[in-house]
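In what follows, chain A forms one complex with chain B and a second complex with chain C.
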Partner chain A sequence: MKRFLGFVKKEFLHIFRDYRTLIILFGIPAAQIMIFGYVVSNDLKDAGVAFLDLSRDEVTQKLTDKICSSGFFRLTETLTSYNDIDKILKKGKTKAVIVFQKDFGRDLFAEGKTTMSVIADGSEPNMATLVTNYITAITTDFNIEQARAPGGAVSLISAQVRMFYNPSLQGHYMFVPGVITLIMILICALMTSVTITREKEFGTMEVLLVSPLRPTQIILGKVTPYFILSFINVIVILLLSWFVFGLPVKGSLVLLLAESMLYILMSLSLGILISTVSSTMQQAIFISMVGMMLPTILLSGFIYPIENMPWIYNWVSAIMPPRYFIIIIKDIMIKGTGFAYIWKETLILAFMTMVFIWLSIRNFRIRLH
Partner chain B sequence: MQTVIESSGICKKFGETVALDNITFNVGESEIFGLIGPDGAGKTTLFRIITTISLPDSGSMKVLGLDAIAGFRELRRRIGYMPGRFSLYQDLSVEENLEFYATVFGTTVKENYDLISDIYSHIEPFKKRLAGKLSGGMKQKLALSCALIHKPDLLVLDEPTTGVDAVSRQEFWDMLRKLRQHNITIIVSTPYMDEAMRCDRVGLIQGGRILTVDNPENIRTGFSAILYRIRAAEKYRLLIALRKYSGISSAYPFGDSVHATFRTGRIDESFREFLRSEGMENVTIEESPADIEDRFLELMAAVKTEQGK
Partner chain C sequence: MRTILYLIRKEFLQIFRNKFIGRAIFGVPIIQMLILVPAVTFEMKNISLCIVDKDMTPESRGLISRLDGSTFFHYRYTTFSESQARQLMNANKCTLVLEIPRGFGKDTGNGIPGRIMASINAINSSTAQLTWAYLNGVLRDYNADIIRQNPGSLSGQPVPIIQVTNRYWYNEKLVYSHYMVPGILGILVTAIGFILAGLNMVREKEIGTIEQINVTPVRKYQFIISKMAPFLIIGLIDLALGMVLGKLFFKVPFEGSVALLFLCSTIFLIAILGFALFISTFAGTQQQFMFIAFFCMIIFILMSGIFTPLESMPGWAQRVDLVNPVAYIMRINRMVILKGSTISDISRDIWSLVAIAVSFTFFAVKRYRKTA
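This part shows the complex of A and B:
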């Protein structure tokens, strides 16, 4: 036990003495959360819209105000003729033009329904979809308000956009769990695989081998500091997403932390496994980055839904541990479900962890050649 | 005297390359055994087999009475190993390195301080300094302290003096001699032949084969020919000229002179004539007793001509 503690102490010294390790460990996760949360989000913020109001009545005025004051859109110009639409879209600052037909308000009160057109700039398909979705959502909202008002009319437009779990359509909700999943597996696997291969490369492993230390002591001694630090990391990320994005944890925090521990353990054992098959740090970094980052981003359901993948990728994704953790963490954080809904994924992760540990201890060489 | 290392018929290949070829030798208790040989002779491979971190293809290796393969766990407790490359943690301080190795071997610095005090006292003033920032000589002293901290029965030192200045080398050998009082057997490898005289017994290794094992004095007197020490103002020109001479048997540069032996045994008048014809003036020639290095070079040359055939 004393040997083990001595080893852990040494590992902590390595980590704290190398500021680069600390940056990777704590700086990158924070930066990633910010980058993913703000830049790569699917949110609209101040997208330019122009209006062509041929009706100019009370209803169009109200709807225009509502759209412009939503925070998602910004009024760029008020047009007077159809000919201007093409011109203004070409300028690029306006993402969509909303057209109210002549007699918009009158039609609405006379017939109980009417149509507005949204002409979006299709050269940015992603943006166009977002813009039209948001405008539809706002219009629906507007309808409901109108209906609730005393003596209000019934529903006007049949477009129905309903958002589960993310009513305000905030992208951070989707990204934070994904980012935690991605960062934890990257950091844990990368750091452990690098720290073990570093000993091989610097020749210190040779001295460790000619010592009474057992493979399990070496491996556990390597893993323990990173386990502790990664756990702190998870808490930091959760706090960050709470304070910066206002993202609450809907389900049980204890359950979330427990599941995170399991996931960290899984990632660490994967890192050890990588280190047993690579002899240089470069190799270890390459395997962790290329072998794990891309598949995690592309195949874990982090960005692209697994349901939409061709069956072969769907199968490949089944062996990616992050896939299960994403489900777990989303369920707990966003849906607020309990253990009863995620025991299957938990079991799969636990099983993977055991397989990785077993393989690592079996692969760990007690000799050089 | 008990045998500490008993190597018989050890062979090891890396792919097609023969690293060790039928290595058989013994090391006795409390002995300083030197393994001398050029780079690539197989010294490190042999040491790794002794320290249980490499397996031989065939042959048996007994260390401290235990089989090096089956008894590796027990042996790893009792061996102190200093690999050829500096392999301490460069980002840990002197003190932290020493403490780490002490705990790994289940002991404390305090417990065995008297054993290392001679060596460690040199670097103790710098104990807060990071190991990576030490000079070569100090690194070597720290590595030796770390290898000794658990009071091993056998100390295995792989080229400890390579890349260390002459004064530190001298000091290092003095320290090794002092360690004999503590009943520690030492096996040390070096590419420097002049260090051979400081060992109790020496094994000469080349191309994976042990050429001879004996005490340094016996090896030295084993020199078979008459040795001449030849000196001239231009040593290099002299060496070239000597190697051209048909009656020469061997010629090696040694310090400020050239050591040479002749097919005819003794020098005759034709050699002096040859020197004159080469335009070498003021050449001093004297008969001299052989150094151990002369014997090593003789042995190695013999193997080479044998392999040449």
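This part shows the complex of A and C:
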């Protein structure tokens, strides 16, 4: 035990000696949470739209004003002919063109209905869906307003909505938990895999292996400092998201910290596994960054909900540990639910940790060759 | 010139000497592209629905079957207690709880507006808004049907209605893979070039071999060029492979000019590699470089406009994005591949990329010192 503690102390000295790494280690997660809490969002704001108004009457004028003053859209240009549509969409600043047919207002009152068309730039599907949905919603509002005017009828069934968990529809309710999950797994896996392969690449691993320390102790000694540092990191991030974004932990803080420990442990053992299969640092970094970054962003449900994916991805994403931690952290932080709701995810994470450790032990070579 | 060629040859030998890296630089992008592209979609389907029907009249059932019949909603649970519905939402079993109050059927029959209550899981604010929009769409149609079925029973004349028809140009069915193939390819090529080029440089420093180069007559710019060229070539090959596979597997249309796309990609890669070499001059060990690289990559990628719209970012972030090469290449790829934009449509983006590429490379050469 004394030997082991000495080894852990040596590892700590290694880390603290290099103040640059230390700054980066703490600065990066904090900076990223700050940046993404403010920057990344899916809400529509000031999207460029152009109008092709062939009717130019009172109704089209009112509707144009309503769309432009909604805050979601910004008028980029007023077109005069159909041929301009392609030209302006190709420039990319305009996301959609709204076309009012000739005699738009007259048809509306003479026939009781008329059609406006929205031509959206489909090369950006997210944007196109958002834009058309918002324009449809604004037009519906417009219809209702017009109907309420004297002489009109009322609409029959209307729904009231309650936005649960996030009443003001803020983007960081989704992005803060996502970024924590993403950063923790990548940083933990990177750190452990690199620190172990570094010893291998420089040949100092051989020195350690002939020392009286047992291989398990070596690995544990390497991982312990990072475990402690990562845990402090989680606390820093949670404090930041509370003070900066007003995102307090609604559920039990102890539970959240315990789950974070499990997640860190899982990420560290993943890092150990990566280090056992790679011989150089370059390789370890390649696996844990190029190999893991995109799948973690895309298949964890961080940005794209898993329910919307083709069914087979339910299974593909089942092997992605971040998927479970995102659920856990959202449940505890935002919904405030207890262990009863997340025991399944917790078990899966624990199971994954065990599998990673078992595979690492099997792959770990204690002999020189 | 011959010196550069020799140096480039040396780099290639060193890259491919590691069997894993040699295979992974071509294998990983291809595999990830094939797996990840079909997964990504913002299209909402099967929004799981929980109904609390306290009314149990033909009217309420009509509304429910209307919702169930639409492609967006999937009717999963039915319950009579609000707390149970709440529990289902807590357990992620449903996203939308719809409560139909007692008296709903009677009211609608009598011409009094019927009110229903929708609760949406809004942690993901954008899907919540879409869910709400879809629900409103279904209700709108349902209302229109009622009006059509009982003409005359309602007061006043018909309400004038403006309908909206949507058309999507360049990608009529809003196929996400057409949008994601260029995007994911761009990210993978960025990641590979950025990380490997930077690591390569720092590795020489860490092991000490850079000092051996420093004492040779190799000039600074020659050394930097020889560090960039191999990854430029690898990146372009990756891109070409990816485009061919994208065309084969995902049937991505290719509207614009291939030459233009590769011209832009070359400038983009030079910018990325220049940046990688620039920050590698600040790092003493591969570990340090890796952290800085991780930081920059995540920012470049999440701010590139591929996963979330650029327009949704605050103004200052959009200005920061002016130096983000990934944001430019995402836009250019999309415009050239899907819209067939010509060089004059994207000339501003190209010039900005050139400016970024030149300045990053210049700083990299400038910062690199041939002294120990």
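To be clear about the criterion, the second predicted complex is superposed on the first by the 245 of 369 C-alpha atoms of A that agree within 3 Å, B and C clash if a C-alpha of one lies under 4 Å from a C-alpha of the other, contacts with A are read in each partner's own complex, and residues count from 1 in each chain.
Criterion: a residue touches a chain if its C-beta (ideal position, glycine included) is under 8 Å from a C-beta of that chain, and two chains touch if they have at least 3 such contacts.
Computed from a predicted model, the values in this text were never measured in an experiment.
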| item | value |
| --- | --- |
| First (chain B), second (chain C), both or neither touched by A:2 | first |
| Which superposed partner A:10 touches (first chain B, second chain C, both, neither) | first |
| Comparing the two partners chain B and chain C, which touches a greater set of residues in chain A | C |
| Which of chain B and chain C A:18 touches, first, second, both or neither | both |
| Touching partner for A:116 - first (chain B), second (chain C), both, neither | second |
| Contacts of A:210 with chain B and chain C, given as first, second, both or neither | first |
| First, second, both or neither for A:310, with chain B first and chain C second | second |
| Interface residues of chain A shared between complexes with chain B and chain C | 18 |
| Contact set on chain B toward chain A in their complex | 48, 51-55, 72-73, 76-77, 79, 81, 83, 85-92, 96, 99-101, 103-106, 146 |
| Chain C contact footprint on chain A (complex, rising order) | 18, 20-21, 24-25, 28, 31-32, 35-36, 38-48, 59, 63, 85-86, 89-92, 95, 108-109, 112-130, 132-137, 139-140, 142-143, 146-147, 151-167, 169-171, 173-174, 182-183, 186-187, 190-191, 194-195, 198, 278-283, 285-287, 289-291, 293-295, 297-299, 303-305, 307-310, 313, 316-317, 327, 330-331, 334-335, 337, 341 |
| Chain A contact footprint on chain C (complex, rising order) | 18, 20-21, 24, 28, 32, 35-36, 38-48, 63, 89-92, 95, 98, 108, 113-130, 132-133, 135-137, 139-140, 142-143, 146-147, 154-172, 174-176, 178-179, 184, 187-188, 191-192, 195-196, 199-200, 203, 283-288, 290-295, 297-299, 301-303, 307-309, 311-314, 317, 331, 334-335, 338-341, 345-346 |
| In the complex with chain B, residue positions of chain A that touch it | 2-3, 5-7, 9-10, 13-14, 17-18, 202-204, 206-213, 366-369 |
